[in-house]
Structure formats: C-alpha cells, structure tokens
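Per-chain numbering from 1; labels A, B, C, D, E and F assigned in written order.
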C-alpha cells in the first residue's frame, strides 16, 4: 500500500492546482490560435505545447529533474540558450539569411517610419517605471513594444531574467494578434483619402547595393549602439551570407535547419518557463497590459509620423500613412495587415512592397534601442 | 494593481532622459543609414550612366534603371494571388527554381569548403 | 633515441592489450552486421565505429585529451549529451515528428499489447536485483526489455551512469537482433491457425483525431507518470509539429537534420564509451545475458496477452496473436518480423499495419515505465 | 557469475511491490488512453454523421467513414512490394510528393517566421 | 547632458583607435577577396565579417557582454567550440562524409607526396623556435604549413591558445592564396618536359575497397599517432558513413547542415577573435611571415619528392612532378592549381584526378603530424 | 623583428629531434597505409579473378578491372568543362541524381531509425 501511496503522491493528479489548470488552458488556446487562425504558428505551436509541458504538475526539487527550473533537467539544459541570450542572435542570423532588404534600399526615407514606431518602447518604459518596476525591468518590459520576439528575449535575459517568461509570452502573443490590434488604430488615425493614396512603384536595386548594405548597416548601427552588436551583427551577417552570392550554401543552412532548430528549442522552453508555480503573478498580468498598450502606441507612432512626413513631401511623392503602422515590425504580419487594409479601400492598391521597408527597419530600430538601453543600464562603474 | 502608479518614479530613475536620448539615437541611426544609402546609390547611378554612355547607349535615364510600372504591377498581382491562396496559381507564379550544386568528389572542397571557382 | 622511445611509448602498439583487441573485433562485427545484414545500420555503424575509436590504445591521463573519459577531450564534450540525458529526448522529438500514429488510433484496444510486453522490464528488474545489482542498476538493466534505445540511455544516465555503456550497447544489439530473437518464440507460443488469422482492415483516421492525439497523450501519460515527461513530452511535441499542419517546416527539421545530428553524436559516443579499460567486466556480460532474457520475456508477454484478449473477442474480431510480439517496440523491426511471419503462413495476410499499433504503443509503455521507476528510485526525501 | 543469485534481494528492495505497481500503472495509462481515444472518436463520428445528414447525404454508415477493404489491400500490396525491394515499383508506388513552400522575401517571416496565412 | 555624455562615451566613435581601423580594413579585404576573387568564400566571408564584428569598438569589461573575450557574451559562448577544439573534428566529420578517396586508393604510392609536403611543418617549427617562440607556440605555428585550417585550429587550441586567432587567420589566408603562392615555385623547380608528363589513367576502385579504407586508415594512423584521433577518427567516421551504403541519411546531414553550421560559427568567431586590442602585435606579424615561408617550403618539398620518386620509376610510370605540390593539401585548391598549370602546358593533360591523391593524403599527413607534436608536447609527467 | 633569431633555441628544445622523428613518422604512416592498401587490393583482385573464371569468363586481365582510357578522358573533359564554368554543360554532365528515400510511416524507423531492410 505504501508503494501505491507513494506512486499516487507523485502523479500529476495529486499535485494539480487551479493555476496549473489555467496555464494548461492558455497553452491549449495558443495551439488553437496557431492551428485554426494561423497566427504565427511556427512560434505559437512550440510555445503552446511548451506551456503544456511546463505545467504538468509534479513534485518539485526531489531530484526527479523534470521541471525547467530544476538543475540537471533536459528542459533546463535547453533553456540555457534562452537564459544566456544565445538563441535570439542565432534566430537573427537565420532571419538575416532570409530577408531581402530591397524594399528598404529602394526607398531609404521609409526607414524613418521604422524609427518613429519605436516610441512605443520608450513610453512603455516610462509607464513601467511609474508602476514601480525597477529600471532594468521597465526597460525589458518596454522592449515588448519593439514587436520583435528575439530582441525582447535577448534584452530580458540580460536585464530582467526573472520576467523573461512573461515578457516573451507577451511579445509573441501580441505579435500573433497584430491583425486584431492594428486595424482599428490605423483607421482611427487616417482618413479614407489617405488610405487610398497610391505610392510610386519602387525602383530596382542592384546587386552591389544589396551586398554593401549589411556592411554599411553593421558599421553604422553598431558604432552608434555597440550593445546591439549581438543582434544586429548576426542579422547583417546572415544577410551578408545571402547577398554575397558565393556563400549560398551557408545562407541556406542558416535560413533553414539552423533557425528551425533554434526556433523549436526557444519556443518550447519559453513556453515551459511559464510553470504555474512561478508564472501566475500580478506582475505577469501587468506586463501583459503594458505590452498591449505598447503595441498600440507603436502603431499610432508610425502612422502619425507618416502623416507628419507627408507635410514635407510634394504631391506625387506622398506616403500612404498606413504603412507607418508596419514600422512596429512584427514582420511580416503588420506589413500584411497594411496591405490588406489597402486592398479593402482600393482593390488595385498594392502596399505590401512599400510596407516592407518600415517593417524591416523597425527590426533594426528596436535592436538599436535595445543596445542603447543596455548601454545605459548594464553599466558597472 | 495600478494603484502603485507614481510618476515621480520616472524622474528619479532618469527615465525621461534615457527615453529622449534613446529615441533620438534610434532616429539618428536610421536617418544616417538612409542618408548614406541614398548617397551611395546616387554615386553608383552616376558611375553606371557613365559606363552606359561610354558603351554607346543613349543617355540612360533613371526610368531605365528602375523597375517599370508594369513589372511592379505583375509582382503585386502575383503577391495578391499568393496571399489569397489561389494555390494552383501561387505555385506557378512564385516558385523559385533552385539548382542545387552537386558536391562531387572534385568539388568536395575539404577545409576550403569553397564553391566552384570562376575563371 | 630518447625521442624515439617516447614516441614509441605513446603509440597504440605499445599500449595494446588483449581487451582492446576483443573490443576492436566487436566494433568490426557491429559494422559488418550493419552493412551486410542491414541490422539497424543507422545506429550500428556509428556505434561500431565509435567502439573502434574508443578502443585505440593510448596513454591515459597525461593530458593528451583523447579518450572519452578524459576531461577536455572532444569525445568527452560530445558525450555530455548522453551523460546528462539530453540526446534521448531530442531523438524522441525527431521520432515524434516522423511517426504516424494512425494505426494505433484506428484500433485503440491494440495499445494494450504494447502495455503487456513491458512485463519484460519488470521481470528483468527483479532478476537483476536477485543477482546483487543495486536497485537503481537493476531498474536501468530492466529497461533494456523496453527495446527502446533512447529510453534505456535516458534512464541509465539518471539511475546508473556507471552502466550506461553496457546497457546502451545491449539495448541496441538486441534491437538489431530482433529478426533473430523473436521468430522462434512467436512460433513456439502460437498455433498455425492462430498465425493465419486475418484481421479487419483498419478504419480511416481523421485529421482532427491525429492532431488531438499528442495533446491527449501528453496530458494523460505524464499526469500518471511525470517522470516520463522528458521523453514523452518530446515525442508528443514532435508529433504535434507533424500533425498540426501549420508547422511542417519545423517537423521536417526535427525529423531530418536534428535527429540525424543527434543520432551521429549519440551513436559515436555510446560506442566510444566502451573503452576496454572500463568496459570488459563481469557486470557487462551479466547485463548482456539479462538483456537477452528480457527481450524474450517481452516477446512472450505480448503474444500471450494477445491470446488472452482473443478469449473475450467475438469471432470476426479476433487478433492474430503474433502482433502481440510487436508490443516490445524495437520499432519498426518487430512489426516487420510479424509481417514477414504472417506472409510466410499466408501470402495474402498483411499484418504490418496492425502490428504498428502495439509497436508504437510499446514506445509509450516503456517510457511510462521509465518514468515510474524514476519516481520510485530518484526520491530524495 | 550467477552464483550470487539470491531471491531475498528482491523482497528487501521492494522489488515485487515496485514491479506490480509499475506494471499496473503502465497498463492503466495505455488502457485509459485507449478508452479516451475510443470515446473521442465516437463523439466525432456522431457529430460528423449529423453534419452529413444535415447536408442531405443518406445516413452515412460506419463503412463509409473507414478505409474500404480494397484500398487497404492496395496499401498492403504496395508495402509488400516495398519490403521486397522491387525498387522500380517502390519508387512509383510510395513516393510522396512534397511541394516545398518557397520562402520569397515577402514570406520571409522575420521573427514571426510563420507560414503563409490563409484567408 | 549627463545622459548624452554617457551615451557618447559608449559609442564606437568614442572608442575608435587606429588599430580598429586597420582591422576593419583587413576584414573588408577578406570579404572583397571572397566575393570578387572567389578565394575560399565559404570561409573568408564568415571570417571577414567576423573581423568586422570583432572590431566594432566598445567599452570593454563594464558588463555589456559584447566582445568575444568577455565572459557571458554570445560570441564568447560560440567561441567555446573553437577554444576547446570541438569545431575542427566536426568539420572533419563533414569533410569525411563528402570526400571520395578513390583517387588515392587507385594509386596508393602517391600518398608519399602527401607525406613529403609536411616538411613545411617541421622546418617552420624549427624556425619559430629559433625566433624565440616557446616550443608549444612553435609547433602551433609550424602546423600552418599543413595547409589545413581545422588541424591548425585544433592544435593551437591545445598548445598555444593565445596565438589561435593569428594562426587561424594565417592558415586560411594562405589557403585562399594558394593560386598565387604555388605556381611560381612549381615552375621554378620543374622543367617544361616534366610539366608535360602524362600519367596513366587511374584504375577503378571497388566498393569494398572504399568501405574498408576508413577502418584500415583509422586503425593504422591512430595506432601510430593516437593524438590524431579526434581529427582522423572523425574524418574516417564521416567517410565510413558515406561509403557504408546504408547510412546515406547520416552522411548527408554530416556533409551539409552539420558542417555548414559549424563552419558559420567557426569562421565568425575566429574572425571576431582578432579584436584589435589583442591581435595587432609583432607576434602576429611574425606568424604571418612564417606561415608564408611554410607554404612555400611545403610546395617545394612535394615537388622535389615527386622528382625523387621519378628516379626509381620506369618510363611509362613517371609522375608529373607538379602533382607533388598538391601534397600540401589546401584541398582542393592546390590540386586545381596543378591541373590548371598542366592544361597550360598541354591542353589535353588532365592532372586533376592524379593531384587529388596527394591532396587528400596531405590532410592525413598533417593530422598525423599534429598528433605527434601533441604527443611530444602535451606530456604532463 | 627577426633580430632575436638564435639557432641554439632549436637544439635546446630538442627541436631537431622532434622534427626528424615527426617527419619520419608521418612518412611511415602514409607509407604503411599505401602498402596495406596495395596488398589488400591485390588480394581482392586475385579473388575476383578466381570468381570470374569460375563463372566461365575468359581470364579477366587487369585492364578489364580498371577504368578504360576513354572513360577517363570523358571524365577529364567533363571536369575541364566544369572548371571552365561552361554552366549549361556543367549541369548536364555532372549532376548526380539522388533518389531520396521517402520516410513513410511504415519506414519511420523509430529508434531503430534504420533504412529499409533488404531480403
């Protein structure tokens, strides 16, 4: 009887709490959204399943080595790459190897929209400060507004590892929900005429320009913000492999098996890091609220700045202000949202290529912002 | 939950300063990048036009160096169909054929691992 | 002359012992069986070559950093994933991503056969106890009867790392030898009529069932046996990636480069862990004997339970008892053995699809068993 | 080698108890899984039949929802040939054509890395 | 104003030195050579970009965790595989999986040319000793003459980690420059008649010979030089996977995603290890000079030994002495250089297949040499 | 920079000894390898010829067991074209067709992960 008792004592049923149930349901919702709505499935499926795996109830710290937070467990070893900020740069490497920066190169002034949308980061940073978070935590929460999962994970791992799970989940959730969050804000801030503005077709970009971009981009952005080197260095390195024309083999590997492996491990462990016993706190909920606000501010920032730029542009060159919303990044979803809205107003208005420019520069923008925040806050002396 | 909200926390922590400097720096870096790219492109086009001229072409105007409107429209249509998931068309229109280089023993490139050299 | 002496002192020839010769021959036999007989070549070639590499004689512990057991050597670093039980769950991830559970879903009652065959684990466990092994060692030895390499390696790494090499080699050897071990036992326990029983064709399985299975399977099995989470969590995660329909890209990577890389490293280092100076002991030989017995018991258990089930099934629904033998797992070899035996009796009797159901549920069964053994034995309090 | 064999070692270590509990648990988990799957499937089929009926089909019987015997035989034959290594046939019969989705710049899915959205 | 000052203090502009500028230019030259001249692009692009990333100026050791030499930085984690000598054996694994040893098997006596060219290693070793390097450093510098990047990195990581960056950069630079370095030396040492010698077509090699080679090669070379086990073991293991005929799947993975991932990480971090503050020393320059001499001696050694062999070969069997130059390895570039020179003399003289034999045996030769040097110098007792 | 050059450093450190032993060992290993391969091949050919004879072939001479000159020339030409980057030809000549084995559920090879067995 003793053996049976012990066995029962170890089962998940014996250790189940209401928090576990809540988290398991959240995991199921993530998987549902990924499969049914196809919201960011490549991330929501691993994260959702990770949430399930991280919330199977068990007796902690008796040497079973099951949980992500137990030293010696497999999940703990795989989580190492998240905790130490190793996975995000590798993901950026793969992203660089699959990104075509042509849209941005053909119309460089659109990069400013990617800068403007980063206002979400800094306003949220201040709001989090006001709510009593430490300055490091506030910075990590603010970066959710950058709408870049790897950047958010990287900065959190350096500044506020205790919030990493909540920040990562918030960032990816809202990135997945971009098609829900952005349209009302865009419509609120633009007139019908503005939404119907057609933009000039982008000009062709030469091979030499594409090859030079990763080098120029690396030198300029990391000279200004050296803290962004791990992220932007890898992003531009990946892009160099792609555009050099002589390293296709390496670019292919970076853009497929390497990024896939890292995505699987990152998604799974980030999901599993939401172990109910550690995750369901008031702080986590606050982070979710701040994250949502952050996304909205960023969207508004991009759109309003596009309207501001229009004041200075002559007639034929005016921007469709909706593409400013793509500056939040959340690549490529927000660009696609803009495109869809454009088609709704005028079925012959294809905004996707134009929206991609602020979209990818938003990535650079938030990585630069992360680097600056690290520069300010990681100071030891 | 929001009862702790206290604006003085921001000032005490240099929050405003960091935010302003941070936002400005983000702007500056992307602005500088945009400017450099623009100048680089102008330099390139000048050079290219010189070349074209010296090869006897009529003075190539900027139109000739850009994607024409028709091409752009075709691309947009393709993308539209793509996103509308007209699958049959999609695969026809957007498939990029990749010829994978075979790694025969003679191009195995031990160490060097290099691709086949030109020349 | 001194230099030449020193050089000679360091050569393999100067350090060769009879044990090295024996192990080198075993390595050659593994490679031979893999290539000539095609017994599990994807594992026997790496393991066999690993045995060769692990048994090149050298002067140990003088800082050369050659041997697997020398800190700082490459083999030692690569062995880390075996020692810490990291590789097996990654292999299960890949296996999940390539396994189609349709056979099992279309006839769930066949899962009981996969449970029945696990009797081999527990009887061997008791036999090992009787022979004087510690209880942790006995459990690790018993799991050989689960006929799943990764499960055996995982449990050994947690419970009895000192026996890991011998257990892994035994497990994979017998899995390779399934076509030799099983047929006589199956024939002994079944009549000709039984072996000729034809089973109803399996029914089709919907996409929704296949998608739900990894979730239901995860929750149920790991709630009952949380210790199985690292293995079964990854198995079902891989299957989720495969069946979700929206993460094909990730499933492909898990099922090809990821599992291949891990298989190469695991096979090689498990092989190299058989360094003669540490491996050739009486214990190792005992483990091999117990392993063989374990496989036979498991086979018998599966077949006999199938006959037992037939007592309760009405005429047209009777099982061909041979498929019980597939419950040991050793996927897919034991299913194929059953199929071949079926064809020998009646060339129109295709048992493969039916045998796959107990076959894959045997995998789940032994992972659950491993989890329970860990729960009983890893207790700290 | 087997001289140390001593049955009392088993009892002293709770070996019998652990074995019985362990074996029962393995059985229970797979049995429960089988039961849940079975009920889940029944629920699904009921729902499906309702749908089919409401769409005007004749009451779909279970036969219609399963693989027919002929299909099954075809699969078995294919598998048989497969294992007999009739290579020419094998490749014809079992090849599964995979259309790899191309990752054009527009579906590069930075961060999101998501597949092409439907709708 | 304080915040702005601090920000400026952290920028690359504020920390830029003339050494950084020099290194950045070297990085650009590497990338230029890779793209424009296609000299070893799969290595020079990652190394070149790594040099750029490693020489973005920043404030060191204030916790920013940017630099390769700062503990906890991403580059530092990725550099682990270089420092501990893990990447080179994995690259050898991939190389083994893509190398066809037929050329060598069809004419085994050509292997001696691969041995002869290793004279470059030992003469440079002595020269470095004379110049005041420690004996460990001298050995690591000498191995540059082996013209094998992974071997050079592996030996340096074990014997002289402080010189690793310089040695790796030197080795890869000269491997890339083989088409520039070798032709004049070859021409100097051979007459026109010699360069026109046609060799008998190689005979076919059976599958069994190709399968046995990795086993025989492993046993023989590592019995003689156990220190070469990590490199040669992996090389022959990869080749076993390729030639076994039953592990194609694993060989494919070793030869593509695995080697690509390792190449990306190795190239990038070796490049980034040239951080100006640590790299630009008189020692580094000396190493470059010695490396160049080493390559020249090796080339001469191979050619002269081929001429020496011709003294003993009867008329129809004479070697074209140019193929001796391929014995330095730098696979496959030096073989291709020989081929091109051969065509220049006689457009119907195809030397490539003949040159591949000394070429691949040069790889084995320098790995054996590395093993012996380790045996002599890593002694602890 | 080279002013520190001092030949006595070599002798003091056993540099000459190590070099001579080292170089000899490298030679020996490759020489032994060459010898073993040669003998192994001879043994194989003897065996093969016996087999061919016993099967009623005319005594197979060594020519028959090697690549003929023409084949070799063809390969060389292909390689030549290959390196000269006659791209159109290259792809025709050197492409090696790989038939990737499909991993159907039935050959999924859990654990075993083995390839399809012959027999």
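FYI, a contact is a pair of C-beta atoms (placed from the backbone, for glycine too) under 8 Å apart; a residue touches a chain by one contact, two chains touch by 3 or more.
Remember, predicted model here, so these are calculated numbers, not experimental data.
A.B. asks: If you tally the C-beta contacts, which comes out ahead, B-E or A-B?
C.D. replies: A-B
A.B. asks: Which chain has its C-alpha centre farthest away from the C-alpha centre of chain F?
C.D. replies: A
A.B. asks: Greatest Cα-centroid separation from chain B: which chain?
C.D. replies: Farthest chain from chain B, going by C-alpha centroids: C.
A.B. asks: Can you compute the centre-to-centre distance for chain B and chain F, using the mean CA position of each chain? Integer Å is fine.
C.D. replies: 44
A.B. asks: So the centre of each chain is just the mean of its C-alpha atoms; given that, what is the distance between chain A and chain E in Å?
C.D. replies: The answer is 40 Å.
A.B. asks: Averaging over Cα atoms per chain, report the distance between chain E and chain F in Å.
C.D. replies: A distance of 19 Å separates the two centres.
A.B. asks: Identify all positions of chain E at which a residue touches two or more other chains, and write them in rising order.
C.D. replies: As it turns out, chain E has residues touching two or more other chains at 3, 7, 38, 41-42, 224-225, 246-247, 249, 256-257, 263, 336, 352, 372, 376.
A.B. asks: Please output the residue numbers of chain F that touch at least 2 other chains, ranges allowed.
C.D. replies: Counting only residues that touch two or more other chains, chain F contributes 14, 18, 21, 25, 79, 83, 104, 106-107, 115, 117-118.
A.B. asks: Where on chain B does chain A make contact in their complex?
C.D. replies: Touching chain A from chain B are residues 1-2, 4-7, 9-10, 13-16, 18-23, 25-38, 40-41, 44, 48, 62, 65-69, 71-73, 75-77, 79-80, 83, 101, 115.
A.B. asks: Using the touch definition from the top, list the residues of chain C that touch chain A in their complex.
C.D. replies: Residue positions touching the partner: 84-86, 89, 93, 158, 211, 214-215, 218-219, 222-227, 229-230, 233-234, 236-237, 240-241, 244-247, 249-250, 252-254, 256-258, 372, 374-376, 378-381.
A.B. asks: In their complex, what parts of chain C are in touch with chain E?
C.D. replies: Touch residues, chain C against chain E: 3, 6-7, 10-13, 16, 24, 28, 31, 34-35, 38, 41-42, 45-46, 49-50, 52-53, 56-59, 62-66, 72-75, 77-78, 256-257, 260-261, 263-264, 268.
A.B. asks: Could you please specify the touching residues of chain F with respect to chain C in the complex?
C.D. replies: The touching residues are 14, 17-18, 21, 25, 103-115, 117-119.
A.B. asks: Mind listing the chain E positions that touch chain F in their complex?
C.D. replies: It comes out as residues 105, 108-109, 111-112, 114-116, 118-119, 121-123, 125-126, 129-132, 135, 138, 201-204, 206, 208-209, 212-213, 216-217, 220-221, 224-225, 246-249, 282, 285-286, 336, 339-340, 343, 350, 352-353, 361, 364-365, 368-369, 372-373, 376.
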